[in-house]
Structures are given as structure tokens and as C-alpha cells.
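Each structure below appears as C-alpha cells.
Below are two complexes that have chain A in common, paired first with chain B and then with chain C.
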Partner chain A sequence: MAQATFEEISASDFFYRNRDIAGLTNPSRAIFVAIREIVENSLDAAESQKIPPDVYVRLSYEGEATKETQIYKLRVEDNGSGIPPRFIPSAFGQVLYGSKYKLKQARGTFGLGGKMAVLYGQITTHQPVFVTSSTGQEKIYSFKLMIDIQRNKPIILDRKVLINKDHWRGTIVEFTLEGDYLRAMPKIIEYFKQTAMVNPYANITFVDPKGRLYKFTRATTIMPESPKETMPHPYGVDVELLQRLIQITTCTNMLDFLKGHFHRVGEITAIKFLIFSNLISFSCREHGKIENDQIKWVDSRPSCPSCGKTAEYSSKNPKKLSHEEIVRLMQNLKKYKDFLPPDASCLSPLGEDLLKAGIIKELKPEYLVVHQRKPSTYAGHPFIVELAMAYGGDVPKRGTFVIYRFANKIPLLYDEASDVSYRVISVMNWRRYKVAPEMPIAIVVHICSTKVPYKTVGKEFIADRPEVRREVANALREVARQLQHFLARQEHVHMEKKRLGIFSKYLPKIAEFSTTLAQQKRLPDIDKLLKSVQKYGAEES
Partner chain B sequence: MAQATFEEISASDFFYRNRDIAGLTNPSRAIFVAIREIVENSLDAAESQKIPPDVYVRLSYEGEATKETQIYKLRVEDNGSGIPPRFIPSAFGQVLYGSKYKLKQARGTFGLGGKMAVLYGQITTHQPVFVTSSTGQEKIYSFKLMIDIQRNKPIILDRKVLINKDHWRGTIVEFTLEGDYLRAMPKIIEYFKQTAMVNPYANITFVDPKGRLYKFTRATTIMPESPKETMPHPYGVDVELLQRLIQITTCTNMLDFLKGHFHRVGEITAIKFLIFSNLISFSCREHGKIENDQIKWVDSRPSCPSCGKTAEYSSKNPKKLSHEEIVRLMQNLKKYKDFLPPDASCLSPLGEDLLKAGIIKELKPEYLVVHQRKPSTYAGHPFIVELAMAYGGDVPKRGTFVIYRFANKIPLLYDEASDVSYRVISVMNWRRYKVAPEMPIAIVVHICSTKVPYKTVGKEFIADRPEVRREVANALREVARQLQHFLARQEHVHMEKKRLGIFSKYLPKIAEFSTTLAQQKRLPDIDKLLKSVQKYGAEES
Partner chain C sequence: MAQKKAKIAERQLEVIAGLKAFGTQIYNQLDQGVFPTINMPSRSTENINYDPTLRQFILGEKSVSRSARNIRHIKPFTQLAWAAMFSNELTTQRKTSTLRDVYYSAQAYEMTFTDQQESNNIITDLETLTGFAREDFHIFPEERSAIFGDLDIGYTVPGYEGKTLNLTSHPDGVLIGPALTSSEFIGTKADKVIAIEKGALFTRFIEENVHNKHKSLLISCGGQAPRQTRSFIRRLHDELGLPVFILTDGDPWGMHIAQVIISGSANAAHLRELNTPDAVWSGVWASDIVEYKLPTDPLDEVDIKRLNELARDPRYQNDPLWQREIKLFLKIKRKAEQEAFSRYGLTYIVDEYLPTKLEQAKGKK
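Right after this comes the complex of A and B.
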């Protein structure tokens, strides 16, 4: 029997062989994914510059491919940051190359989607991709590219330089791919609709192969705060990361190292942690060495227990830590309970106002409640859950709640049942809140994070991490409670209306008869009486 | 505002940053995935040599890591093929390197799992992996390795060579990792149990951290036919694959190219396809050029319509095809309807007997029906669905069907609701078959393929491909029908028993009275009478 033979494959080759895991399962899904990935890159590119995005998408029919599939040309134009010319070939023609490998919230997280779409176009139509971009400087650069899949390298077929008279800034991507637009259409339109809902500051235009125009106009030009790049939080590190930090650091002691490379670790926290993990030693000029557990804190400074003077301290050079010490350091970082939670400056949630604006624009609900949770963290990654519940209006009655899921402002449209939000919603005790799935209720969940815990590269659904689950559940309870108040109030108002109806029907009669009986001429003021039994404001009755 | 910066990351770095997509979501899941991946490599290594596998797994407690997690040492020994020493470092220390990138059924498909487990061990405990292996030759090789994640290269820390006196063959892998065994335990035990069910020819031993021994002894030494490596089927090719084949081929014409590089394409099929796609031209020595649509087939040979002599033909050199011609060729390969379906020689299904043996061993059902579908194909990949339905016995009554899912003999234990089988089962019209989810019914689905369409690298569930869905549904209908017969028959037998019970109770009395009345002495033979009203064989009543 033959021995096994071994071979090495490139990263593009791996994804070429396993495109199911990037969501490119079939011709219908492929065209959806391709549009989504390129549009998201455009939105990211505009937002990174705090420019309200203008994204123009055109899909045009190019010919028949097989009996069920067609060849389409996809063209996406944006007004984003633009890409410096030296990066363009690799940004579109090399898998695992990109600008998204940072601790910062972005729609793209794998640095893979755009390239996978281009790669899919190439293997189905064997046509190059055209990329035109300018960062707003004097020149516009235009590339014609293909991917060498076996080597994972871009092939530059052509390169042009144009004068940028109008100082245009942005990127245009155009390539052909095989797909099944007719089957993908509902999801694609839904995708644009939902994207418009959570990006109310974006103009999005889509021209489909039949020439139909879908235009989503911005409702505001106010943009959420841009997310900032951040340092890793101590709870999220592993040995590999520690080693990399030690390799690149210029710090010569552990205290500076902790302060300089970790999120929300200041002087005091760092010292206390170093005491906790026994990586620091103190001494007093007068009284000599101080044991770690003897340290007294005076004015937030570690001080000598005998004389109260600020103690001197020294800690090891991180570059001199042994393997075992690095492992112990990592474990202690996870064990230590007093690190500050990550702050949300690296996150860009929508905010309650923007979320409201988006939902009102699309669903026009009778009642809407929006709730943003405080920043939380899983495995050291900060995240924020924003949740809204809309009742009535244009919300369809389906017999189940209508769930809109978003992650870093991306609508998630597939595999709902596997998503953490769906699971939380389906196990909630809704009866407690007098809410039933038969009511016209839409639930909107937005999770933003520097690292959304997707279960698939195709970004279909979010993993059931306990920390995320808890936040979603708490947010859900909060809005459910408010909806319950609204519904109860609505019922009271309804009862009240009925009661007042009866009063206002009979009181005039009674007043009339009583007046006659009392042989009076002037009728008493019933309005006053009616108002006095009214429990709620007149505008509601 | 700062411009985006671009960077390149290695394949191991990508998976290091995105371990969720390989299933390593949390400490409990991680330990499950690590065991599974290494065990599956062992099973593959033994099966590739048609040796009944002996796999020994030991997980031992090494110490505490954090409050909820511990450090474990995982050791897996097998009697498989062994790995030649020059391949060992990369096989365990380089992502996207391996022996699994072939068109052949194997448990591993991504060439990723084992390395991901090792990588996870390294980043959580920073210890090396120890690999000892021999192919049964004179020497045993022992390596101590770590992975350089940023460069995606193995680092050899130590290497030993021992004399292999006993001609031992196999591989031993040992490394430490952080995990949560207590929470993972139920799934791990279930994994071994189900693995034993579909690999009844394997001996599997598992010693857990508490020293408990789980032993699954083989029920047979008969092994299913080894799968063979195969060529790509014409329906599954894309432009990239065509180009690679054209690059490596030594064929100088299209006819030989098609015959030499594609699965089940022989002379006649190739000629007919070339006529279909207008890539061949015919001529007759006497009558000159023959139009493609004029060709007459005589004795399975393309012949001259005028004289009936076998025509001569010529086709282009594949290396001279233009880009456009390659694209058209790919499209025609997909359009052409008369390619033979892939044969199953590259697949290794369990077969009905082995599947039965495994299920009987584990579930001891009252009734069992097993059905194997004919080979089918999706996107050019052959696959076979095997399905069993077990009723009663040790099958638990849960109020829903108990579903066991397998793919290439791997049990799939997570994300059931997203799996194609679950979806098919849940939309079946069970009432038609007089079957209710409340009955004690287990459904076992085994899908084997050269390329199982997993949705995730973590191999949790199978994508909803229409072709796969159809095969599962057909198999399900078939076994449901048979179960229906059994249940109907069981009910009849039950009724019959009741009826016969009444007869056998009253007939002797009637006979006695009649005999007395008729003043006879000898009682008539009631047994004969009873037998004549019996509808079913005596063994059932």
C-alpha cells in the first residue's frame, strides 16, 4: 500500500478548495456574498475617514453561464479613503493580506471577504478584476489584476495612472462572476434595506440587472464616533500574544511593559497586579526590603509600612522572562480580578438615537423602545449590545417575532436559528411580560465588538458565548419590560376610552333629566365632570 | 486622519486569530475538538493501510490554569501507517501542510484539525508537542516541536532516533493544553460511543483524568473497502482546476486530455462531448471533411456518413486554449448532460451490515431498518447517504427523534439544528407513515463523500446542498415506509393475538359443550381449528 504523500498549499488555495466556509456555497449565495463583502469594504473605507458614505452598486447581466446560472458584472463605487497604489495589488489579489488585522471595530474582520469574492469571480469567469482608486491626491491609479491561486500572489496585468483634477477620493471595484441573481434577489434587497436601517447616514444606490433602481437615501449626516484602535485587554491575552509583545517592546521592566501594551492598565493597577503575581519587589531606603504583603498604600502610592515613605520598586526585564514565567504571567493576567473593564472608545455603537431613526424610517412602528447596554467583555474583547423592540406600524404579523440581527452594522441574514440572539429570544419567558409571538413585534439586535465571535468566515451567525448571551438577555428583559408597560397602558387607555364612552353617552341624558326634574334651566357642566374621571391625558383618550 | 496600514499574516496566524471558526470557541469545546482531531487522524492512518485501528487515548490532569480551567496532557497512540520522519515537523507544525488535499474520502478534509489542536495547546500552555512515529522500518523517530505562528513554520527543539526492534508501526502524539474537561466530558464520551458505533472494526481506549477507563472493543475485524484516490468529475471543475490540469498534462490533444484527467470519461464520452462543444473536427480519407452533426456512429465509432468507414479526427492541444476557450470549456463541461455519474470506488461507505452491527451493539433496538442509497453527486463530488431507523430497545423516548449524524465516519455532535439531516427530518410528513416523534425512534444518518460540504472548519454540520437534501429525504422515506410496515404488522399481530386469545378461551368450552350435547366422547381437534383462523405464523402469535 502506498505511503501518504504530503504537500503544502497556499492560503488562497485553501480557501479556493473550501469556499463553503466563506459562505460561497452556491451560485445564489455567492452573488449575495460578493455584493455584501465589497459594499462592506466601501462602508468601512468611508467611515474610517468619518465621511458619510456614498456607495453605488451596479450588477449587470453579461450572458448565460449554465442552464441555471448567469454571468454578471459587479461594479461598486465609493467615496471612501481610497487605497495607496502600492497596496492595491495585494489588497485585492492576496489572501490574508489587508488592513483589518487590528484591534478596532470594523465590518470586515477576516481580511478575506473581498478577496474571496474576487477569487470566486476569477474561478467562475476567468476575468480580471479592475480596481481604480485615489486617496484624493494628484493621481488616480487603475489596476487590472488576477490572483495566482497556487502562489497566493497578485498578477498585475495592467496599470494606469491618471491625473486627478477634481481631487476625487474613493475606490471603484469591477469584476465578473457567475451567479443566480433571480434566486438571490430577495436576500440582496433585504440586505440593502437592513444595511440602510443601521447606517442611516449612508447613501446607497443599487441598480440591478433588470435596470431597476433601489435608492436608500441618508436620513442624517451625523455619524457615530469613529472607533479607535486599541491595545489588548489583559483578560484576552495568550502566550503567543505575550511573546509577540515582549519581542517588540522597548520597555525594560515589567511595570512599563504592562502600562505600555495593555488596555486600561495604569500605574496602580500594574503595581497591584505585579504584587499579585509576585513579579515586583519593594524596598525602602531606610528600612530595606519590604515584603509584598506588607506594602501600605499612601496617596495611591506603595509605601513603606514603617516610615510611610513611598517605596522603591523594581521588576524584571520582560525580555528575560523564561517560558514558564510567560505561561504563569498569562494565567495570572486571567486570574486577577481587578483589571478595569475595557472602555468603549474602540467601539462604534450606533447609539439609541441613530438606531431609532433607522428603525422608524424602515418600520414606522406604533411603539419603539431602544436600549443600549454598557460595554462588556468576552475573552478580553470589548463589546456592546444594542437592542430595540418595535410594535405595530409596518411590523409584519408572522406568528413569530421578526428578528433583525446586526453585527458591527452588518445585517446577518442566514442561519438565524444558530445565532445567540435567536436562542435567547426563543427561551425567554415571554408570558411574564404579557408578550406573545403572535403580536406584530420586531426585535432588532446589534452587537458591536472589536472582534465579533462569528462561527463562520461567511459571517452568518454569532457564537453562543456566555458573556454575549448574558448581555443580550439583559437587554431583552429591559426592553420587554418597557413594552409591557406600553401594552398595559394601551389596554388601560382602551378600557378608559370605553368607560368614558359610557359616561359621555349617558351623562348628558342624566344631566338633562336631572335638570328637568330639578326644574332648572341651565345644564350642569358635564365636560368638567368627564375630565375629572379621566385617568389619562386628553391626547390619549 | 490616518491612512489604513496594510500587512500580511501567515496562515497559522490567521487561524490563531480566528480559532472560533475551527471550533475552538471555549475551554470545553477546545478539549473536545483536540481529542477528536487527533483520534480522527489516527483512524485515518490505520484505515489507509487497511489495518483494524487500535487507538489509545489518555487525558491526564497537569494542574490548574485559571479558576474554571485546567491544564491537561493529551496522549494519543495508534497503530496506523506512521509518518516518514522528513514529513513529521511540517505535518504537526505547519498549517496548510498535509496529506489530506486529495480527492479521496477521509475523516480529515481541511488538513488543519491536528495542527489547530497543537497550536491551541501551544498558545495556552506554551509547551512543545512530542511526536513519535515509525512506518515499521528499522527506526523510530521522535520529535519535540513548536510552531512559529508568525512564520507558519515548525521549530524542531529535539530529534531522536531509536532502533525499532519489534517493527512497531504507528504514531504517538503528546501535548498539553488548557481546557475544561468536566464540562466537556459528556460530549467526549458521546463522541467515543458514536465513533465506536460507525467504526465497529476499531478498538478504542480512553483513560480520562480521573483514571476512569472507557473501552470500546471491536465487534468485527472486517473492514470496509479502502477508498481510492480519484480524478475530478467533469461536473465539478472550474477554470482554476482546468488551468492546473492543462499546466501539468502531457497530453497533446483534447481527447487524450479529457480521457486522462477526468473521472469516468472514456473515448466515446470524450468524443461526444467534444462534438457537443465543437472542439473536434472529423474527416474521411475518401470524402474529406465531415461536419460534426453529420457523424454516424458505427460499432461505437464515429464514422463517415457516406462510406461508413471510421472517421479520422483531430482536436486542439489543450495547452493552446485561450482564456476564453478555457472558460467556455468549463461551462460546456457543466452543461453537457451525458457524463456518467461518479462511481463510488473513491468512497468507503460503511455498508448495511457494518452499520447494522454498530447500531445493534449500541442500541439493541426491537426493530432496525438500514438503507444505503446509490452514489450521487453534488458539484462533481460523489457522495453516498446511508440511513438507519431503530425502534424500541435501548432507544430513549425523548418526545423527539434521537438523531445520530455522521460524516465520513465522524460523529457530528454540535449545531444539530443547522444540519441538512435535521432539516429534512423536521419537515417530513411523519403522519403519512404513522410515525410520531413520541415513539422511541433513533435515526442514524451517515454521509460519506470525497468532500463533505461542511459549513464550518470545526465540522459541526453539513451545508444544505439541494442534492444532499434530496438523497437524505429519499433514504428517509424508504426506511420510514419499512418502519410503517413493521408498526402496522406489529399492530395486526397485536390484534390477532387478542382475537386468538378470545378463540382459544371459548373454543374449548364450546367444543366441550357441543361434544356433550352431541353425546360424543372424543373432543374435536381444536388446535387445528385455531390454526386455521390464525393469519400470521405461529412464531409471532
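Right after this comes the complex of A and C.
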């Protein structure tokens, strides 16, 4: 009789066995994902300090691995915040350890990507990762690490401390991995180009295994406002999160608990919600207990219906909630309609000016229109849609719109057809805007959110959420309208040029022929006439 | 005679003056800072009317305006100015050209015409505007008609000034081309003109000495007579006072060849003096087919359709002859060629038919 065996596996082990979900599906995809994850960590590290990022990436050939794959060494240097020495081993050697579990917008979400890349490098080449970092203080710390996959723990092979004479700040990561650069190359170059587009304040340098240099120079040093950390919004919580919050809270009643741990919940909202979920009781000094539905609001205070005096109230200690009560609380939090929508201070959109700068830098369009929507929410998560349409210039002519998708400043390069933006763009009635897919038009969609609704861990496309779809569609309509005006104006100018061209071609000829016919010596003065058509043209436009 | 001789030269001067006037009009408008504009009669079908007094088609009151101000007009306007300049050059330098030539010459001035039709239209515009035919501007079609007979002409074309020619000098006849149409008439012993539809019968007439026997100038139309031939016949009639007789096949098409010489065509409604209203269609009539028992072919559908059209045509209303013959054609449903007379011998048409028809015409006058 066969016996099932049960064993616990570590997070590292889990991801080792299931690396597909992080996008490391094949050698060409792996090298792309590795570069992307490390570069994004670097960009986040610089942005968190409001430092215009300088990221240097070098991929060098180390040798053959198999017939189709090679061993590469990846080195990424940044000028970001640097990592305090005590966190370095875990930051690179322990999966699901990270700085990104708080609620603010960041590129990474799972604290997974960078480590997955390192893990992938280790399992394909059995080489350690070298991490050098300094926060700009007196010392530079250098680590040589490997991951103990079964225990999900870093193994420190070597540790060096250097004097930081020049007060260098930043992080250098270097590790080897197996991959297929030749096949990954187009996506990698595209990734850098698009990253440069949404990070116009970054200098990005890439040296590829053939020694070719790709340099993306910043167009500005202005950076978007850093996002603020926020508490979770009531609509976005689940039972697990509630239990964790209850565990750590120091509040002794539900009112303070709600006020203290949730986004945009104040005294009145909290009381009203507690009335709604029947977790509060009121009494009056003179008239005794008041039923919840009898409460009268006087000057924004719950008051006694008989005397109008402010009522006293008490609510349960959250730590005493039963499991059933917690589940009901979670359900009520989702059901209650009057919570204020989350504000967007936790988001860091690029803003219209920066997005413009980035697109101009990379596409040099003839015309560009950028639009940022007001913050909106889905399931308690705030998000902002930024959308741009670029016409002409270096925009490639493909016979269809060129779509650049970004989420939290990350370019999304795979599975375009599954993305919500693609769907919105393809169902749009473009004829209404006199816009045709044959025109050289690029559409840039940037969605930023504390929780981007990715469909997969691989961060490739955004799920079709009705709220997100609506915002993208509205933004698209707005920019399309403006593009339509531009195209109409351009058409007019074109016609006007053509018209003037015709006049200036034929009037001199008429003058010449009529002079010969009339046997005159001097040509008639037609400048006045030519000017009159020009002036007429200018008035018309 | 001297008065007659001046005719061609005078007309040339008129043409040149007309073109200069057109040029001056445009020049002055331009010089005054005004977009040049011209008006000319419309050539659209609804503006083409038959004038029973003039016995030809004329253009009505409607006119069209062409302005260099209008973006759609400026190109044809420029082409028109070019065509006027080009015609002026031809006329002054006494050179000749063809419609095809015009199309190519324009390219030297970066005035490319889209196609031959476009350049032809512009020449027709110039005709309409000035009232002169393109032949007056020395733009000629290919020559295919000829004349033979005792007529002395004096050339006016460069290099031939002062030279004269008797039109009996070549037995094939003399081409009615630019040199001939621009020549002055000196004198003739003929007392009539006979225009013949086909070259074969023309040659037969020369061989049979018709020009002497009947004191006539013989013209081969070569099917539908070209405009310059029609205009030449008009001159022979007007300047020399010769009556004109026309011999065609006995079918609707031959009948219409005669009609166009007599009444002109709708396409040339903007021009005068291309037709000879007093010319007479002498045959072959439908009644001749019956009377002379000519060998015939049956009328086909197209012939019958054409006859019905002609029956309604205004040009066929003024002389009862036309309607009578159309009805007879439709009744007998037969047609006959000029050559059909050959069943009675090669000379029958000259010895018997022609004298009878000429007598008939005289009697009618």
C-alpha cells in the first residue's frame, strides 16, 4: 500500500519548483526577467530617496552552457539608497523578504523578483551572488552569498568592509546565470527603451555581451512626488489582514481600531460603520440605553433622541472578537457603502509633464497629447491612469497602433492582446475620431496603483477590471479627441500649403504667358496677388 | 480679285488681334492686382440650340466664368493662357501644328496636360473664347480629304508666297491641308462644287473627266468631312459663289455626312462658318434606290435606330426632303452604296445618274 508522504517546503523551495510563475519559463525569458527585476530594484532604490537614478547594466558572456544557452554574468550598479549591511544577506538570499509589503506604490510587489533572479542564477550556474552596497556612510559592505534553498536562508560565503572615502552610495549586484541572450535581445532592448520612456529622469546604460553600448540619457532631473505609505482601505481587506492587524494593535475598542488602522476612516465614519455592523452601543446619562436606530446626529455627534445630549458609547475590544465576528466584520467592511474613497497620496504617477518628456525623448513625435485621470479605485485599491497618444516622428508605422503599456513605471512587454488597454483600444470606434490604425500612432498607457491588478506573478498584463477599463477608456477618448483636432488642423495646414503651392506655381506662368501675348516688356506685378492668397489662408486657419 | 485676296491675310490679323486682346485683358487684370477672370459661353448640352435662321447649332445665353482666383480653375486658366500664347506663336510665325503636337508642346513649359482629351478641351475653350476655329490658330487635324478641279490658288504659307497652283495639276487631287486652306483663290472656270463621300468615287469622277464635263470642283470628304474641309467648302461657296452638291452612300450615315456639311455639328456650336447651309444633298437617296433599282443591303438595327434619331434632329426639319427620305428608308428597309451604280456599267453614274441629279437640283432651286 502506497503511502503519501508529507513534507514542509520552504518559500525558496516552492519558487524553485514553481519558477514558471515568476516568468522564468525559458532561457531567453529568464535573462530578460533577471535584468528587469534587478533594474527595477535599482530604480526603486534611487526613487525612494528622490535621487535621479543612474543605472549601469552589463551582461557579459562567460561560456557555453548547452547548445542553445550560454552562461552570462549580469552586473547592475545603481546610485540608490543602498542597503544597510544587516539586511543585505536576507534581501538577496531569502525569498519573500523585502521592503515592499507596505502599502505604497512601488515597481515590485511581491519582494520576489530580484531574489528569484538570483535563485535562478544559482540553480543554473551554482555560482554565488556578489552584493556591494553603501548607504553613503563611512563604509562599503561587500557580500558573497548563496541561498540555502531548502531552508530559505542566506549563506554568507564572504563579507568585506571597505572604507567609503568618496561617500559613494548605491548597490552593485553581480551574479551569473544561464540564458539565451540572442533570442532575448529584442525584448531586452525594447525594455530599456520603454523604461527610459517612463523614467525620463533616469540615466540607463546597458552594455550587452557583444560589447554594444545602449545609452539612455535623462531628459530632466525633475522627479515625481514620492508616494506616501498608507494604511489599508476597508474595501481592500481580507480576514488574514484583519487578524494580523488585531494581533498587533494596541487599541482596546473597535472605534479606535478602525480609526487607527484603516485608510480614510475617521470618528464619524467609524461610528456609522459600527452602527451599520451593530458593533457599538449607546446610552444617555439621563435616559439610559439608546437603540442604534434611535440615534440622532447633532453637530456631527451621535446624540440622545430625547434630550439631544451627546450619547455615550462603547464598543468591543477587537482582540475579543470571535473568528465568526471577524469574518462578519470583513464582510461588512466590503458591504458598507459610505467609506470615503482612498486618496491617491500613496500613488506616484509620473504626471503629464514627465510623461511628455519621456515620450518626446524616446519617440520625438510630431504631436503628443498626454492626459492624467483623477484617482479612482478598484476593490479598495487606488489607481491612476495616465495615457498619451503620440503621432509621427519616430513612432514606428506598423499598420496598427503601437501600444506601450506600463504599470507602476514598468514596461509590460508580453501578452499584449490579453491586456485591458489592448482590449479598450481595439473596441474603440476610431472612425469617430478620424484616426486610423495605419497612421503612425503610439498609445502609451500607464496604470499606477498600490496594487496593480496583474493577472500573473510575471507582471505581463493587467486584468480586465471594469473600474480600470472605464478609466482607460475615458482617458483614451480624451486624448483621441485632442489628436483629432490636431489631425484636422494638420490636414487644413496641408491643404493650405497645397493651395498656396498651386497659386505660386500657376500665377507666374499666367503672368509670363499674358505678357508675351499682350506684347508687353515688363511682367505684371503678381506679388500682391500671391500675398493676398497667403493672407487669406492665414485668416482661414 | 484684290479684295478677295486680302481675305486670308485679314483673317490672320483678326486672329492675332483677338489673341492679343485676350492676353492684354489678363495682363491688365494681373497688373492691377486683380485675379484674372474670363467669361465664355457654356458648351454644356442644355446650352446648345439649333438656330433655324442660321441653319446651324449655336450656343445659348448661358456663360461660364473662369477665374484664376478659384483653385479648381487656375490650372485650366493657365493652360488656356498657354494655348493662346502657343497659338499666337503659330499664327505669327505661320507654322502649323496638330492637336497631338499641342499636347506635347505644353510639356516644354511645364504645363503638362493629363491626357490628350484635356489639351483638346483647352483648345476648344480657346475657340469658344475667341470665336475662331483652331485651324485659324494653325492647329490642324490629320489631312485625309482632297480637291481636284480647275481652281487657281495663290499660296500664303512661308516659302511659297506668290506661287500659284492649278488644282488639276495632280491626278490624285490635292490634299486639303493648311497650305491649301490658307491660300487665296485666284480664279476658277468651274461653276459648281461636288463633294463626294468616298475616295473611290472621287477617283472615278476624275478619270471620267467629270470636272470638265460638268465644270466642277471635286472634293473627296473621306467619310465625315474634317472641319477644315467643311470650312473650305464654305469658302468656295461664299467667295466664288459656287453651288455645292453632295454625293454620299444611300444610308443614314451618308445622309448625315451631307447634313454636317450643310448644318454643322453640335460639337462646333461655338463656331461659325464651318457649314454651308445652301449646299444640297444630291444622293444617294432612298428614292434613288427604288427608282434605279440599285443592288442593296438590308438596314440593320443600328441603321434603324440612327434613322429614328435623325428624324427627331432639328437639322432634319427645315427641308421636307429629309423626312421624306428617312420615311422611305424605314419603309424599304434597304440601303445602297455609291458603288451600287456599277451594276449598270462603270460610267453609268457619271453619264446618267449625275446629270439627272444635277438637273433635279437646278429645278429645285
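The criterion applied here is as follows: the second predicted complex is superposed on the first by the 484 of 541 C-alpha atoms of A that agree within 3 Å, B and C clash if a C-alpha of one lies under 4 Å from a C-alpha of the other, contacts with A are read in each partner's own complex, and residues count from 1 in each chain.
Convention: contacts are C-beta pairs under 8 Å (C-beta built on N, C-alpha and C of every residue); 3 or more make two chains touch, one makes a residue touch a chain.
A quick note: this is a predicted structure, and the numbers were derived from the prediction, not measured.
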Contacts of A:454 with chain B and chain C, given as first, second, both or neither: first
Touched partner set for A:529, first chain B, second chain C, both or neither: second
First, second, both or neither for A:156, with chain B first and chain C second: neither
Which partner reaches more residues of chain A (counting touched residues only), chain B or chain C: B
Partner chain(s) touched by A:510 [first = chain B, second = chain C, both, neither]: second
Partner chain in contact with A:502 - chain B first, chain C second, else both or neither: second
Contacts of A:307 with chain B and chain C, given as first, second, both or neither: neither
Shared chain A contacts, counted only where both chain B and chain C touch the same residue: none
Complex contacts: residues of chain A adjacent to chain C: 499, 502-503, 506-507, 509-511, 513-520, 524-526, 528-529, 532
Complex contacts: residues of chain B adjacent to chain A: 1, 3-11, 13-14, 16-18, 20-21, 25-26, 45, 48-50, 65-67, 81, 83-84, 87, 90-91, 94, 96-99, 101, 109-111, 122-126, 135, 149-150, 238-240, 244, 323, 326-327, 330-331, 334-335, 415, 417-418, 453-458, 463, 465
Residues of chain C defined as touching chain A within the complex: 19-20, 22-24, 26-28, 30-31, 33-36, 68, 71, 74-75, 77-78, 81-82, 84-85, 88, 109-111
